[in-house]
Amino acid sequence: MADIGTLHYLVVAAALFVLGVIGVLTRRNVVIVLMSIELILNAVNLNLVAFSRMWGNLHGQVFSIFIVVDAAAEAAVGLGILIAFFRNKETINVDEIDLLKW
Amino acid sequence: MLDSLKSFLDGSVSGTPGQLNNQVWALIYVLIIFAGVSVAVIAMNWLERKALAHFQVRLGPMRVGPHGLLQPIADAVKLLIKEDIIPAESDKFVFWIAPLIGLLAAFTVYTVVPFGPSQAVSDMNIGILFMLGVSSLAVLGIVMAGWASNSHYPLIGALRSSAQMVSYEVAMGLAVISAILMTSLHGTGLYGVSSLGDGTGTLSMIGIVQAQQEQHVWFLFKFFPLGLIAFVIFAIAMVAETNRAPFDLPEAESELTAGFHTEYSGLRWSLFMLAEYAAMIAVSSIAVTLWLGGWLRPFPNLLSGATWDFIFALFPGLTFLALGAIALLGTVRMPKHPYFKIQTIGLAAFGVVLAGIGVLLLAVPIAAKVSNQSILSRSTEALMNVYWFVAKVAVFMYLYIWYRATWPRYRFDQLMKVGWKVMLPISLGALILTAIVGVLLG
Amino acid sequence: MTPVATPFFFYMLSGLAIIGGLLVITRRNAVHSALALILTLLAVAGLYLMLYAPFVAGVQIIVYAGGIMVLFLFVIMLVSLERTVKERQFNRIWPVGLLASCALLALLLGVYAKGKTLFEGRPAPPLTESSNTQQIGLMLYGNYMFAFEVASLLLLVAILGAVIMAKKRI
Amino acid sequence: MTDPNTISPLDLETPERPYLDSNELIINMGPQHPATHGVLRVILKLDGEKVLGTECVIGYLHRGVEKIAENRTYTMFNPYVDRMDYVAAVSNGLGYCQAVEKLLAVEAPPRANYMRVILTELNRIASHQLWLGTHALDIGAMTPLFYTFRDREEILKIFEKYCGARLTTHAFRIGGLQYETYAGFEKDVKNFVDFVKPKIDEYEELLTGNRIWIERTKNVGVISARDAIALGVTGPVLRASGVKWDIRRAQPYANYADFDFEIPIGENGDTYDRYIVRMIEMRQSLRIIEQAVAGIPEGPIMAKVPKVIKPAVGEIYHSIEAPKGELGYFIVSDGSTQPYRVRVRPPSFVNLQALDIMVRGMLVADVVAVIGTLDIVLGEVDR
């Protein structure tokens, strides 16, 4: 088996990224859409860490930590919106969230 | 294989199997720890029932084996052969996997617990971070169990316990950080801060204990009372983390029957119990490592020298001898009735075994002292390390029982209030003060 | 410390990650999706460890698996699921979405195939694991001080936003 | 403050409800639940964990005690009253016997009265001990339960020695007592008083200053004096709200007028005050017992009561201060050997009515604490 190089990690990350994009574009359940976004962020993180390893510096890892922070903030706000919305309309389907003003 | 086996028995080796990349010994260590923790949980089960009973002017288990010594085994057998009930309306897969997640999280933590400078499966560079992270996974098992049961009480119990565990993790983490900060001070003594060194600390569990050794002080006393405050915060938060009294709201019997494991029975229920007790021991090990000097014996620097080393080396043997003596005393106090004959014999045998272990443990340091053999002294040292670590953890285990016997239960809003409005500011303050004092003295 | 059986662990972990990702977007029940996502997150944490990034791996486990996923599970429990499980799972334009995603994947793979040489022949410089955490700390509080503070502000805003939106009456 | 006269079950003032509220849920607590002290069923309407209203469903232990009385002679009915408040059987018997004595216009002799006081006060302590143990267990403190049961055992031993029964004692007869004291009764009681005094300190040590206990009980289940009086609440629950009403003092029966004791009252009417009031009551009961044992006179123990009890036509209401509050008996006689109608005013039943206003706006965990603090016995609520 060949040595595992940066490219291998990039391919895995690409696969995760695309899976996330598919989830965001096709699912109706908001919770699962949010989870797909987490998948995308993870793919990005994997890329960053892989490049950080490739270049031998830690900037990529630091950025991936920032992205984790961002993911936490995004999940908190997203789920907050979701709860508020569920309380109003009793649904968590994206395609039913189509009113700009309540 | 054989080489790697032998290499580790060699007296010159120091370091954990993980560090030395010795998979055989890593596996052996994992097995030893798995077995040890399981035995400790069983012993804790007996001890809790017995000690709690004596707190409450009862006798506790007395029938199965002398003084109920075989009761945990009887319980385990009973739980194993019980019918495995999975509620019809539950989510089968999640219901099935939830206890396993809790158990896995509780046991994985032990890979980095340092029983001695080389008595750990692996010394991770991010040891404490790993421990906190993996133990925070236990909450997933609880949440899933509550959800999968598809029933009111488990769901409320799961919601409560996840909110509780996530909240107390914050205070716990801040308390841990202030201990980690202390590893970077490099000065000796209570208020010692050295301007030498690169001012870096460590996250490695072994490194933290070694820092305490180097600084000649347990972090409990460092910057008195700052270390003490952080320790107390941690000691409270760890009780909440493990859902034990007085923070046992998730399983508050008078309100929620049994909380998240209401629908569980038999083997799966016992897995939850195993995970709970294993988690208790795990968080206690963190507290011992961070603040109570881990495997270090009391006063390693003040009372140093060969004589003191020898005297402290006698402790493990004496402890076992004392336990054996208690068992034999129990034999004498057994009712003199033919009905109790087998029990008396069993208790006597148990006492003799304990005393025998004690004699063996006494013989090792004495023999080492007499002949000065290196292999013996190394194994003595390992024994000592493990002994002191376990002894310190045992104190925490006793405290857990004591809390349970003494205190009423908090209400949920009060629990959250204590967590967020009392513990969090105090631990944050202790952390900032520690940093300020460190800078001022450095 | 030298890694053992690198290819085996790499393929195992990446396989787990991708299987988990697939399950996330295909499961009917959001709790099962969350479980699968946890699997993916842990596998990715393992990949970080293989890339000599133990601190990032630790953060991944604590923040993602221990924090964010608990939040997700919490919300899934609060919003009732019975109805959504029985409903149509994919929106009407799913073929378009799928097609676009596949195109994206093809693009990415094409780029990688074309630029293969960029990544090869570059021996990964030895990074010492022991100083990783320390170096990240120095960078966070050195080069990235401003970004760090902004991130903390972002978290504060997120907390406030989440509380305001989720609370019934303030 | 809620006016108790306007409360109707589950009549919820719902102010502006801006959202479609998906959080309201109805939970059934009991009849089989560890914290309802028997077979009480409480329907809780919750908003999250906040209680919006409660409704008690009773009757799971209904045995028709009052109806049974109509088919029994006065003497035959005497043991039945023990089955109402079975943890304070002696008090029940005292109330019934005195009511019938009043109807017959006979007076129990002084020695019998002293004995009655000693036994009822012992029973009051036993009842309070049982309350304390179970109440503390509900709030999560396990240990007091075992302590109180250990000490209650000593009281039950005295009962057993005196009349052969431990729980449903049937200790008193109409007109006095059936049995003379056994040899060493006074000594046993004195020993018990000396034994239990430090034990009460022990309970207080575990709970009174305990931070968690204070947090769980202070300002929980508050009921104002006005509400308490309006709802007819009596006993320690009323006194904790600051009303100095104790029938032993207000309308002395037996020979309570001879004894010197204090009536403890609380200030806030919360669960903590009720706890303190009951703790002081236990000590005061010990004081009464000490005085009674010291002053117990010689003499007959039975008044002259006809063999067949046939009271004149008439009706009577007599109430005593049972451990849980005012225990009243209303007896109508039609001149026959059997009562025409007996109506019992059970303190637990009346006190239970206060549950709703005490727990509104509190949390679920407080419902458990409040049910405990009301000290209800379902045998008495359902009769």
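Some observations on this one:
A, B, C and D label the chains in the order they appear, each numbered from 1.
By our rule, contacts are C-beta pairs under 8 Å (C-beta built on N, C-alpha and C of every residue); 3 or more make two chains touch, one makes a residue touch a chain.
What you see is a predicted model, and the numbers here were worked out from it, not measured in a lab.
No other pair of chains shares as many C-beta contacts as A-C.
Most remote from chain C, judged by the distance between CA-atom centroids, is D. Work out the mean CA point of chain A and of chain D, and you get 63 Å between them. Here the spacing of chain B and chain D, counted between their Cα centres, is 47 Å.
One inter-chain figure worth recording: chain A and chain C are separated by 6 Å, centre to centre, where each centre is the mean of the chain's CA atoms.
In chain C, the residues that touch at least two other chains are 55, 59, 67, 76, 132, 168. Residue positions 86-87 of chain A are each in touch with at least two other chains.
Chain contact summary for the complex, chain A toward chain C: residues 1-12, 14-29, 31-32, 34-36, 38-39, 42, 45-46, 49-50, 52-54, 56, 58-59, 61-62, 64-66, 68-77, 79-84, 86-87, 91-95. Every residue of chain C that touches chain B in the complex is listed here, in rising order: 1-2, 4, 29, 31-32, 35, 38, 54-55, 57-59, 61-62, 65-67, 69-70, 73-74, 76-77, 129-130, 132-134.
Put simply, chain D touches chain B in their complex at residues 27, 33-35, 49, 136-143, 145-147, 150, 206-207, 210, 212-213, 215-216, 363-366, 368.
Here chain B touches chain D in the complex through residues 52, 55-58, 152, 245-246, 248-249, 252-255, 257, 404-414, going by the rule given at the top. Those residues of chain C lying in contact with chain A across their complex are 6-7, 10, 14, 17-18, 21-22, 24-25, 27, 30, 33-34, 37, 40-41, 44, 47-48, 50-53, 55-56, 59-60, 63-64, 67-68, 71-72, 75-76, 78-79, 84, 87-94, 96-98, 100-102, 104-105, 108-109, 112, 116, 119-120, 122, 124-125, 127, 132, 135-136, 139-140, 143-144, 147, 151, 154-155, 157-159, 161-166, 168.
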